[in-house]
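Okay, got some structures for you below.
Each of the two complexes below includes chain A, the first together with chain B, the second together with chain C.
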Partner chain A sequence: MAELISGRQLRRVATIGAVAAVVVLYLCMVGLVEAFKDRNVVTGVITLGAVMLLAVPLIAGYRAALPARDPSGPTPGPAQRIVFGLLVGLIAGAVLGVFVLIASAVDVRGVLVRISPPLLAFISFGLPSGLAQLAITGVGGLVGALGALLLVSPARIRNAVTSGLVAVLFMSMIEPLLRPRLEQLDYTAISDFLYKAHGLTEMASILCFVVGAGAALLWQPGNELVRRSIEAAPVQTRRRIRGWTIAVLVVAVLILPQVSGTFLAQVAVLVGLYLLLALGLNIVVGYAGLLDLGYVAFFAVGAYLTALLTSPDSSLGIGLPFFVALPIVMLGAGMTGLLIGAPVLRLRGDYLAIVTLGFGEIARVLFESDALRPWLGGVQGILGIPSPFPVRIDLQLGTTHIFATGPQVLYYPIFAFCALAAVFAYRLSNSRIGRAWNAMREDESVAEATGVSTVNYKLLAFALGATTGCLSGALFAVQLGSVFPGSFDVFVSITVLAVIILGGMGSIPGVILGAIVLIGLPELLREFVEYRILVYGAVLVAMMLLRPEGLIPNRGRQRELHEAESEEEEETLDGDLMPQRGQT
Partner chain B sequence: MRFRLPQRFNLVSTILWGLRIVVAVLVLAGSWATLSSGKLTPDAWRELIVFGIAQGSVYGLIALGYTLVYGVLFMINFAHGDVFMTGAMTAFFVARNFGESGFINANPIVALLIIFAVSMLTSMLVAIVLERIAYRPLRRAPRLVPLITAIGASLFISNSIRGIYGEQSQSYPSVTALQGRLDLFGIPILKTQALVIASAIVLMIALVYFVERTRTGRAMRAVSEDKDVAALMGINVDRIIVTTFAVGGLLAGAAGVLYALVFNEVDWFMGFLPGIKAFTAAVLGGIGNIAGAMVGGLTLGVLESVGPFLLLGGANVPSPNQLRDVIAFTVLVLVLIFRPNGILGRSEPGR
Partner chain C sequence: MSSQPAVHGQSGPPAAQTPAERVLELNGVHTYYGNIHALKGVTMDVAPGEIVTLIGSNGAGKSTTLRTISGIERAREGTVRLNGRDITKMPAHEVVALGVGHAPEGRRVFSRMSVAENLDLGAFRRSGPDVATDLARVYDLFPRLKERRTQKAGTLSGGEQQMLAIGRALMTQPSVLLLDEPSMGLSPILTEQIFKIISEINDQGTTVLLVEQNALMALNVAQRGYVLQTGKIILSDTAANLAANEQVRQAYLGEI
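What follows is the complex of A and B.
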């Protein structure tokens, strides 16, 4: 062993293996594997639960095969690295095997509620104990070695294989979306070819893999070329390209509900509501740099104000039309923003976060309380909010026939408000106000010294954020037709924060991407609902550790967050522990 | 796009003064109405106060964790409430086992000590892992970054526990030895409450001894003063920071069992509100100040238990106890706005 693997390498392999083992056990105990063990990816071949479990040794094997950061040690050859991956996978598999052995001998369900016999049978491939342990360890080792092999192989192949796998996973995940629509449009042949029992068929999965891998292989050299030529192009051309991209996206968004059917429109409405919230919070957090954890309060105020003003059943009972009420709601929201903002502005960042969290909770408790029940309806909330939008649209425009019902109708106004908010926020970020916010975020004292009235600009950020949040609340109330205090808990604030953090603070494309990923995807994975907040928490931690600037970063923000990088270098070296992968 | 706000714009101070006046009027009018109506007997008030002290000691113990970490790292360990919850939830299974086997009544002292030990060790372990994974790599990052991580970690821990142990709330077995009342200087106190207060005092004294008298405690204070200089003096800063988290975790674990004894019920979400309230307590007493955490905890506990009845009871507000969280959060907001250094806090410029 001494020649094959040095002591230091052995330690590293053992550490990664141990982390992988912990993550695997965690996935089993927390119930993620159980929740997804019946969701087919490729029917009869592999389920999502298995994918989740196998991803751990795969990633760990890949990780183990990465060259060590310590340059003084011997550089391992490819064969050696594959051995590393194999070892890591073996460790993870062996630990899981032992766990299964213990769990099937002793009943642990009193404490670990998710460790059920079906789960154990699933993990041990239905084999009897002994054989099962061998199989689990073997599969772990094999997958770990595959992960290492992936790293050792040339970049083109690696990318091709990865995108092939992603394509398969993606196609199977959009099944609840695609299949009903295909059947509705009488493409039953296609849907039967693609899907069987909520998973891909074997043929379809091979096809998806080939298409994904092939596309990556062909696209890769071209991709580089395109990027280079865009970067070389003059500013006007680049701007024009961007304009066209946005135009194409807008058109795509406009025709989306026509093509996709009601389910996707419903998901899109939800995404839109959260996107609006996120755009508002982005002004407060991303632009002004004030961490507001009580953002849900504005959402709630918007919804309740709308309910009070428009519902004939509310305590006011005046039943104003929605568009008359909307300006009042927004004004009220702005005032709430000022009222909440004014006292807390002099606080330092982290205190501000906690105080706003407190405000959010106060709002929820008040809405829920019996004390305000005569006005706000207490736990029962307010019902009977009329929708200003028609129930169905049936239009004949030339040769095209536009037909929409329910969520498809609401989709357009929400999309319009989102677009409006996005344009507004974009223009704002490049204005004098935006620059003042930038200065304030980077260094408050310097900003103050150069003549930025920090208090006023913070208030402005709060008020604008509040107005946008209220708008979303108003639309939410209309969409539901009723408001309940239960819809306005702290998790709304956290969700919106996670959207911004994932996408990138201060970056509008980032926020849009974040809303689609964090709000849209969980709707496709129904089993997932229970684990949403868990994943959001993990996203917050992982993003802060790995990529604090977000997926689509705002340039200025990126620079700020990496300012301390050079000092940090030595610290991160020993901080090289695998982040929790349990959530992806 | 030119936009200019008026320069001498006193909106903020106006609102702040308005807030002060509103709060003062509400407090005075509410208390006057209640006291003059005589709705509650002196006995009932005493009951509320003792309950408040017991609850406040639990808050104080959790608050110590916030204060210790804040003193060393200047960050709010938002996940501390969940560290507290993890201990209480894990020890529940031991307690349930003891309850079913009758061990808890046959030998209450040993049983309780074991339950405490399990809870404290679990919380300590979680706190150490938390520091290692979530906070250490970010030590030199901008201030909001570790705070966001902490929020994420808090959600991650609580929802993991929800997944692992299930989401229904569990009730601790009752201990016969702790039922009934104890006569303390003529004041009858529930035995559980007496135990909670006594344990809090013992732990507090142990902590003060640890920080003031031991080598590690001195190193901790040195790191709190200046990390770089402490490192030059041969102190292993990383180890001291981990120790700080571990001590905070131990105290939170103890608080978890005490909380379970007072309220009888534990669930995966129990860390959230006590966590924020303990933070309030830490700020109220002066964050970074050990005695302050306990003082703040007791003050907040009493305010929270007496407040709703005192302020709202007289005004015929239905079910005032629903609004206790509002009182706690209002205290938090008011303290942070008007006296961010707390009752016992040193006034430090630039905070």
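What follows is the complex of A and C.
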């Protein structure tokens, strides 16, 4: 053994194995494996529970085979790396095996409620104790070795296999969305070919794997080819290509709700509402650098003002048309922004965050309060908000029949507002105002000393952020037809902040992607609803480790984040102006 | 000691001027940080075209004096006048517009922005053709900055950052330039260069108030100087006299 694996390598393998074992046990104890042990991925072949369990030794084996961070000492050869993977898998498998043995002998359900006999049987492959332990350990080792094998194989093959597997998993995960829609559209033959008992059929999974792997194989040369031919093309053609790309994208966005059906349109509407909020908060946090944790207040103000002005059942009872009310709502929200912004002008960083958090809660409590009930309706909220948008569209255009209901209709105005807000924010960030915000965010007192009125620019950021947020609130009110204080809790603020942090602060494409990932995905993965927060947290932690600057970082901020972390902290924590730094 | 330096408050400043002739005039200025009494009645003035230096040991209140002038800190008592106009209570961004350019201590450039963007921000409140003229002037003074126009300010060397901070202050088109320890952390050669450039800026007509640890160099380029100790001006005289002063030599020029 001594020449096959050095002491340090052994320690590393043992550590990774232990981590894998803990993750496997965690997945079992938290109930994820049990919950999905009957959810087919490939019907008759593998279930989601098994995928979850097997993914752990696979990834751990892959990791164990990666070259060590510290390059001193001999570099292990491919065979040795596969042994590392094998060992890691064996460790994880053995620990799980022992756990199963203990759990079947002693009743642990008093503490670990999720460790049920069916789960244990599932993990043991239905084998009796002893044999089962052998099998679990063996499978663990095998999968670990496969993970390592994946790493030592050439990059092309690795990418192809990974992307094939991801394609299979993806297609089986979207079954709850895709199959009903296919059947609705009368493509039963396709849906029958693809799915059986909620999982992919064997034929379909092979097809998916081949398509995924093939796409990966062709991706790089294809990409290269396309790029080269575009570069070679004359400017005019290139411009035309870009025009067409944009046109295709726009058309895709426009027909999405028609193709996707009501449920996806509903999700898209939600994504749009949050996107609008995120674009607004991005002005305040991303551009001006003011950490506002009470952003929900503006969302609430927008919704309530809309309700008050447009609902005939509200205390005002004037029932204005939506588009007449909207400018008033925006004005009101902008004023609220100034109102909240003014007292916190001198606060920075975490103090500002705490105070705005308080403002957000105050807003909710006010909307909920009995004292204001005659005007705002207390916990019952305000009902009867009419929608300015048609409930259904039924059109015959030549041979095509367009039919859309509820969210499929609302989708369009929301995305129009999002597009407006995005363009507005983009223009803003490249203007004189954007420069002032940049300067202010970096060094407030120096910005002031170069002539930027930080007071005015902070207030402007609050007002513009509030106006954008209230648009979202107004559309939200219209969408529901009613408003309740319960919809405006602190989680809205946190989620919106998470969207812009995940996406990349100050970057509009980042914010858009962030909204899709954080708002859209959880809605689409309804099956995981019980574990949503868990997955959410895990994704965020992983993101912050892998890409702390966000998915699509703002230009120029990426490098800074890594370089100036300590300085950054100092700056945000500064209670006062210049002096802290540079005193000799 | 042949010439006795004037002790402040007992005799007037050596260069006698009528108030209207002073670019900058501080009268009994008291500045506090919370309870900390940082400036305890500072009185000083700067005449047009002068280089005046303010020297003193660490924590004497030199930076605080500059910050009080440029409006970043506010005097609780006393007055600050710029060209005869009371600017004591004026916010910093308006003081800039009236002609006070401040290159703060510690090379505080906007590190995520390029050199050009930094200079551009110096001209934030201005527009028109003379911005381009001033930019050309700054690039003329600091050719290094011109070479590195597109580089992020945070990646400049310390000396280059100092040049940028000075250049940015010049872009505000100041009638008086406040420089806070421009030589801090620079090599002797670069320090000399910076001081030469300060003289050059002054020759081109900008009044300079210079805060320095390097008292010898500062007194070399300046016409007059003030010595600040724990928030009070304890000496004020011509630069030559201060450089010859026993007390100053012992405390600030490293002589025994």
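Observations
The definition used in the following text is that the second predicted complex is superposed on the first by the 516 of 584 C-alpha atoms of A that agree within 3 Å, B and C clash if a C-alpha of one lies under 4 Å from a C-alpha of the other, contacts with A are read in each partner's own complex, and residues count from 1 in each chain.
Everything below uses one rule, namely that contacts are C-beta pairs under 8 Å (C-beta built on N, C-alpha and C of every residue); 3 or more make two chains touch, one makes a residue touch a chain.
A quick note: this is a predicted structure, and the numbers were derived from the prediction, not measured.
A count of residues in chain A touched by chain B and by chain C gives the higher number to B.
Contacts of A:443 after superposition on the shared chain: chain C is touched, whereas chain B is not. Once the two complexes are overlaid on the shared chain, A:312 sits clear of chain B and of chain C alike. Of the two partner chains, neither chain B nor chain C is touched by A:486. Contacts of A:339 after superposition: chain B is touched, whereas chain C is not reached. Touch criterion met: A:26 reaches chain B, while chain C stays clear of it.
With both structures placed on the common chain, the touch criterion links A:435 to chain C but leaves chain B unconnected. In the superposed model, A:293 makes contact with chain B only, not with chain C. Of the two partner chains, chain C is the only one touched by A:454; chain B is not. Contact with chain B, but none with chain C, is seen for A:111 once the two complexes are overlaid on the shared chain. Residues 432, 453, 455, 560, 563-564, 577, 579, 583 of chain A lie at the contact with chain B in one complex and at the contact with chain C in the other. Interface residues of chain B, counted against chain A in their complex, comprise 1-3, 5, 7, 9, 11-12, 15-16, 19, 75-76, 93, 132-134, 136-149, 151-157, 159-160, 162-166, 272, 276, 279-280, 283, 312, 317-320, 322-323, 325-326, 329-330, 332-333, 336-337, 340, 351.
Taken together, the chain A residues at the contact with chain B in this complex read 26, 29-32, 110-114, 289, 291, 293, 338-339, 342-351, 353-355, 357-359, 361-362, 365-366, 368-371, 373, 427, 431-433, 453, 455-457, 459-460, 490, 494, 497-498, 501, 530-531, 533-534, 536-542, 544-545, 548, 560-561, 563-564, 567-568, 571-572, 575, 577, 579-580, 583.
On chain A, the positions that touch chain C within their shared complex are 432, 435-436, 438-439, 442-443, 445-455, 556-557, 559-560, 563-564, 576-579, 581-584. Those residues of chain C that touch chain A in the complex are listed here as 33, 58-59, 63-64, 67, 70-73, 91-94, 96-97, 102, 104-108, 110-113, 117, 120-122, 124-125, 152, 154, 168, 172, 181, 184, 213.
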